[in-house]
Amino acid sequence: MAFDPEEWRQYRAKMNERILSVENRSIRRFFALDTDVYEAGALDARTKELMGLVASLVLRCDDCVRYHVERCVAEGVSAEEMAEALAVALVVGGSITIPYLRRAFEALDAFSV
Amino acid sequence: MAFDPEEWRQYRAKMNERILSVENRSIRRFFALDTDVYEAGALDARTKELMGLVASLVLRCDDCVRYHVERCVAEGVSAEEMAEALAVALVVGGSITIPYLRRAFEALDAFSV
Amino acid sequence: MAFDPEEWRQYRAKMNERILSVENRSIRRFFALDTDVYEAGALDARTKELMGLVASLVLRCDDCVRYHVERCVAEGVSAEEMAEALAVALVVGGSITIPYLRRAFEALDAFSV
Amino acid sequence: MAFDPEEWRQYRAKMNERILSVENRSIRRFFALDTDVYEAGALDARTKELMGLVASLVLRCDDCVRYHVERCVAEGVSAEEMAEALAVALVVGGSITIPYLRRAFEALDAFSV
Amino acid sequence: MAFDPEEWRQYRAKMNERILSVENRSIRRFFALDTDVYEAGALDARTKELMGLVASLVLRCDDCVRYHVERCVAEGVSAEEMAEALAVALVVGGSITIPYLRRAFEALDAFSV
Amino acid sequence: MAFDPEEWRQYRAKMNERILSVENRSIRRFFALDTDVYEAGALDARTKELMGLVASLVLRCDDCVRYHVERCVAEGVSAEEMAEALAVALVVGGSITIPYLRRAFEALDAFSV
């Protein structure tokens, strides 16, 4: 069950490449949009990454949670701020999010080394 | 279909009172916790309200969206910031959130008068 | 916003009749199965209705919640038992269920007259 | 509770205009993409609309269901084909979709006049 | 893919400890509440665990299903009662729950040894 | 993380057998209905499998996605058609479906050998 950040990153990169190799304009546009929407604007990038984290936890997607934990760490979000964001998600999403919260903290520890 | 903020607030207040009149400790504790988690800490209250808004839209709960739109307006979140938060939620949650996005903007206009 | 049990029952009966008028075997079999699964077996009918209520609240379907509230009342579930079931659902499903919880109590009051 | 197609269309058009009046590039690009993805390609438009209908029912979004029912009718999908698509969605999504199925048939009758 | 109850329990215990080591009052209160709500009251503990099981299956969370299967076994719920509870969840949640149902039975067999 | 179709098929067959060994009529009827609903009628089997695929992706169930990818390949759905179906699901379901989309393409490659 141990989370391996390097294996995870490689799988993600390989499969993204696989998906974008398909001649499908809608999929490509969606991926471009998905990068664009997190860029700093009226809200800064770290606030948007925190939003992505909260959305990922309440929707219970482990890979999405890991991705935004990694991005939050890269944007300099502190452990205390991350815990408060996860607490909001836990209260909104309920106890059904707890297993995903465990894996979020596991990812946080892996990415904070 | 028109959203009436005053009717909406009254229904919410009346039913919250009804729920808390029940002698059930878990429900009461949950309601207290739900207030507490949005209080300023390492993250300020407006960031937490924006998170609540994004979580509510991706989970597609109209009343929750309305509540956090109202709270964001009260915290001084600008229309441009709110639009960026809603854009993140739209990309995360997909086109299935669009009807809820319409009602989010309707609520924004109603609460911004 | 006031819930009208009679109008609600009539709409449900009319549309169920409309759906079952369609010559589609899968739909008919599903409806039969949906009745069957709540019948008393190793578990009694009231336990099953309470399960249906909890499932409906965590999945946030107002009409389903109302249906199982009505069935629970008919099975003699007490208000205190119903509140405990709803508390479990609230903790599992989180604050996003609160607007549905309000409508659950509104339905409970309407069906308990 | 009666569904009024004309009022529904007007609200949708008005709020889409409101949303697109916002200077937010991500939202505009998402709306463009959402139109584009249903255009005929390797799969024809009616197959894509049927997919949109099934996705909308299993995700339980009334407005999305209505939109795709209207589009399916416009693409010449027969009532029998629509019922089979809805049956697939019912089996995938379970009894929690039944209230949405009722409103799907109500919309079908309203749009088939 | 084989489920290992001991490894699963250890991971859960370790990560719960990790989460509760964080100085975050909301998270701690939520965990306390999550224990409290399943305690016997007007409804007995086994009915509440069965509700937790049904909620976990319809929300499709493997770890939550496993947890409540283990708790149901501990509370003396029979295999027949558990199957009836899972049948209710299957009908409510639809065929999308079937892979989770497989893992529920795998967990049941692992915990019943 | 590599997907092994053979191991996956064996686990599925073994656990389906386990589930159907239980003397529970509702579960058995549900499994029969789940097979029946994909049979050709007014819509052909490949259209129904594509619907099952889209529904599985928007509901984010890896095993369900894999099952319908395999069935689509068996029904002669082309890679281009499958990509268009997945694009519809991506736009409906949003970026939260992307990790599941990666695994869908991994399954497609595994089943297309």
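A few comments on the model shown:
Labels A, B, C, D, E and F are assigned to the chains in the order they are written; within every chain, residues are numbered from 1.
Assume a residue touches a chain if its C-beta (ideal position, glycine included) is under 8 Å from a C-beta of that chain, and two chains touch if they have at least 3 such contacts.
Predicted model, so just to flag it, every value in this text is computed and none were measured.
Common neighbours of chain A and chain E (chains touching each): B, C, D, F.
Chain pair with the larger contact count among A-C and A-B is A-B, by C-beta pairs in contact. Taking the mean of C-alpha positions as each chain's centre, the chain lying farthest from the centre of chain C is A. Taking the mean Cα position of each chain as its centre, F sits at the greatest distance from chain B. With centres taken as mean Cα positions, chain D sits 30 Å from chain A.
Chain D and chain E have Cα centroids separated by 36 Å. As a whole-number value, the distance joining the C-alpha centres of chain D and chain F reads 22 Å. Contact with two or more other chains is made by residues 26, 30, 33-34, 37, 55-56, 58-59, 64, 80, 83-84, 87, 90-93, 95-96 of chain D. By the touch rule above, chain F contacts chain D in their complex via residues 33-34, 37-38, 41-43, 47-48, 50-52, 54-56, 58-59, 64, 78, 80-81, 83-85, 87-89, 91-93.
Contact residues on chain B toward chain D in their complex (touch as defined above): 1, 60, 79-80, 83-84, 86-87, 90-91, 95-96, 98-99, 101-103, 105-106, 109. For chain A in complex with chain F, the residues that touch the partner chain are 7-8, 11-12, 15-16, 18-19, 22-24, 26-27, 30, 34, 55-56, 59, 61-64. Remark: chain D residues 25-26, 29-30, 33, 36-37 touch chain A in the complex.
Only residues 58, 90-97 of chain D touch chain E when the two sit together in their complex.
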